[in-house]
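Pasting a structure below so you can have a look.
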Amino acid sequence: MSKYKELKRECYEANMQLPALDLVIYTFGNVSAVDRDESVFAIKPSGVPYDDLKPEDIVIVDFENNLVEGSMRPSSDTKTHAYLYSQWEDIGGIAHTHATYSVAWAQAQRDIPIFGTTHADHLVADIPCAPPMPDEYIEGDYEHMTGKQILDCFADKGISHKEVEMVLLGNHGPFSWGKTAAKAVYNSKVMEELGRMAYLTLQINPEAPRLKDALIKKHYQRKHGKNAYYGQN
Amino acid sequence: MSKYKELKRECYEANMQLPALDLVIYTFGNVSAVDRDESVFAIKPSGVPYDDLKPEDIVIVDFENNLVEGSMRPSSDTKTHAYLYSQWEDIGGIAHTHATYSVAWAQAQRDIPIFGTTHADHLVADIPCAPPMPDEYIEGDYEHMTGKQILDCFADKGISHKEVEMVLLGNHGPFSWGKTAAKAVYNSKVMEELGRMAYLTLQINPEAPRLKDALIKKHYQRKHGKNAYYGQN
Amino acid sequence: MSKYKELKRECYEANMQLPALDLVIYTFGNVSAVDRDESVFAIKPSGVPYDDLKPEDIVIVDFENNLVEGSMRPSSDTKTHAYLYSQWEDIGGIAHTHATYSVAWAQAQRDIPIFGTTHADHLVADIPCAPPMPDEYIEGDYEHMTGKQILDCFADKGISHKEVEMVLLGNHGPFSWGKTAAKAVYNSKVMEELGRMAYLTLQINPEAPRLKDALIKKHYQRKHGKNAYYGQN
Amino acid sequence: MSKYKELKRECYEANMQLPALDLVIYTFGNVSAVDRDESVFAIKPSGVPYDDLKPEDIVIVDFENNLVEGSMRPSSDTKTHAYLYSQWEDIGGIAHTHATYSVAWAQAQRDIPIFGTTHADHLVADIPCAPPMPDEYIEGDYEHMTGKQILDCFADKGISHKEVEMVLLGNHGPFSWGKTAAKAVYNSKVMEELGRMAYLTLQINPEAPRLKDALIKKHYQRKHGKNAYYGQN
């Protein structure tokens, strides 16, 4: 029996949340879950419809993109996951979808502005939209450089991936991450809902102001700060 | 056996309506139900996903925010509920959601205009949007002052919470109330639908006029007036 | 046993289609079915949630709004149905909903333009929006005059209720009719979808032209004309 | 037993995907599947609701529109399918829907711009919108000329039906095709989603640029090029 059985199951269940949460159709999207002790991660096989996906189809890959276990080809986006895991040592899962509103903001090449407390409950900044990749990135090791484009964006904007667990890649779509694969998927769903709320907000009032600092701080702190009082423990 | 068993069940069932009616995702939102004889109310525990929620998880709190019964921490918005119950002695339930269109109007900081008879079947005024809270309210006893901000808004606009059972809090989202917790949830769903209809109305015709007074009066009276003839008794 | 058992069942089943087709929430909307031989019609009781509705709850009323059979109060819109049945002797059912896009067009006080063949498959004209009712209509016998307002609109525009089986009442919402109650509901659903398509069309291209005459004629005739070849006989 | 039993089943199952994927309501739309060896195709009967459709209802027709097998009248759009099969010898299935966003773009008479990698994963060009048909086409052999209008559009724009497996017909709606009937339906669903994403993109940023060439090429090649590495094999 595979020593990665539990990791595959975690990855499988997180992937199956994508269609359940209306974040993907057909074979779009992929989720991975990492095992830091083994320095490997589990990821969806490429191009398999969610209806057909089984836990044993999940592929195990290391951070240099070598196949460790599995009979199927891993997601074509595997190198992006590998790069992010190698650079951000504290994340446990990554999700990539083609969710409608998130993709629309990415195609519009616009950050999703922080307009309300629903947003501040999750992060204190606009959801960043990384610029479309330069041609030399695209024509080189594309999926690897996709990860680099995301890190470049966070460096340029001076934001931390620990506080902002989601990003839009210009002209492409959303990536998110978290302590676990399930949390990465949660962040994808939240980003999609924030993108939908922000879209409607601007349609109703194109001059809608960003959330005031006191509310940003209050809502983020009550959920994530030292003296957080949201949730159980 | 708890003497609050029935109250907890009423509160539980009203909370479970929120995801069923597409008004929340994950742990967003909360509903409470009051027992006026005992001067306590039942409320959702903080941060518990609806899928996991059980009737016995519901927490009993008094109007001074003291825990009366329950092993879990109550909703982080509990003080807002407590303040509204203490100030408005005739309400029996309160609902708070992050429903998409309601939040969009709140983020746009706009009242939802009364455009049609669907609206007038429920209230005779625009759905008010209270301004974002001043910094001293936010940095003080935030959730208590959230309740105060709502009362300030009703006082400033000269409207009664008996006739307008719903409000948007600027940059945050919707609150609603009613004779029962179930009615409070009903009002949240109606507000969301009125917000969606009003949004579309303005997209089709940015100059759409408010509903004429004769129709406002007619529709509200036939449902809620002395000689109401809508419904059974 | 009631001699109206079959009529009640037809009416009940047509009413239950409204929530199934996402045309109403809660107690909104109502459908009726007529028995021309008996000069009576069956209609939903007022204010009853669809989840609770049973075939035996359906109320039988005559064209002068007298209760013929039933223990519940009929829909508050009953007089509108009675008036339309009395004036249009060839219709067999009427539906009234508060479907979102239909209400938005009614609140915008705009006809739904005929933009494509989906529309022309059903009718050759814009879906008319009757103006909001004059105050004397509202303050008089309101629901009776609602029917009159619809007939006035068709007379003013010179259109026939046989060719245009649907209307928007300004600031209120949609009414539709047909040979049977089921067909009336079908027309409500089609109107909602046409309203949604037309809304999106104008958002994409505010200068979108109306459908050309040759296509209007072709699509309507192939489905409804003398030499129609759509469907099975 | 019919020698077309398998072909009918393929056609039936592809048709049943249309309501399952929210691409049609009622009797709208139709899918066909071809048997190149027999020079016939299977198609939905005209005007039959999907809920009532059975595999044995599917009609077999040849490329000159002669009925080969079946007791029902074939889709009123049969001649369009026949023309496309006769002209494009490598396609195996055709789908036609009245999906909402696709129809909206067709009614707006606008190509769906290629804004992102979701689009480039499927085709390298804008989704073309053929102009509304000239009156002499409409008044002549309408459904046959509908097919011709599609081919004219591809010739005028210099695009290949092998690389662009979908089209909008101005004022009417979407047609798509593929190696199989199932793939044709897949293309209809993808087109609808691309139309929705593009609509939202333009609402957020009316100046959104088309996708850069390097990304168009990269995404299309990794999925469809000689060295494609998406999917299994």
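The chains carry the letters A, B, C and D, assigned in the order they are written, with residues numbered from 1 in each.
By definition in this document, contacts are C-beta pairs under 8 Å (C-beta built on N, C-alpha and C of every residue); 3 or more make two chains touch, one makes a residue touch a chain.
Worth saying up front: this structure is predicted, and the values here are computed from it rather than measured.
Any chain bridging chain B and chain C, meaning touching each of them, is missing here; the list is empty. Chain centres here are C-alpha means, and the one lying farthest from chain D is B.
Averaging C-alpha coordinates per chain places the centre of chain A 33 Å away from that of chain B.
The geometric centre of chain B is 46 Å away from that of chain D, both derived from CA atoms. Within chain B, residues 203 each touch two or more of the remaining chains. Taken chain by chain, the contacts form a single closed ring in which each chain touches exactly two others.
Those residues of chain D that touch chain A in the shared complex are 115-118, 186, 189-190, 193, 196-198, 200-201, 203-205, 208-209, 211-212, 214-215, 218, 222-223, 229-232. The touching residues of chain B, counted against chain A in their complex, run 25-28, 45-48, 72-73, 76, 98, 100-101, 103-110, 132-133, 135, 138-139, 142, 171-173, 199, 202-203.
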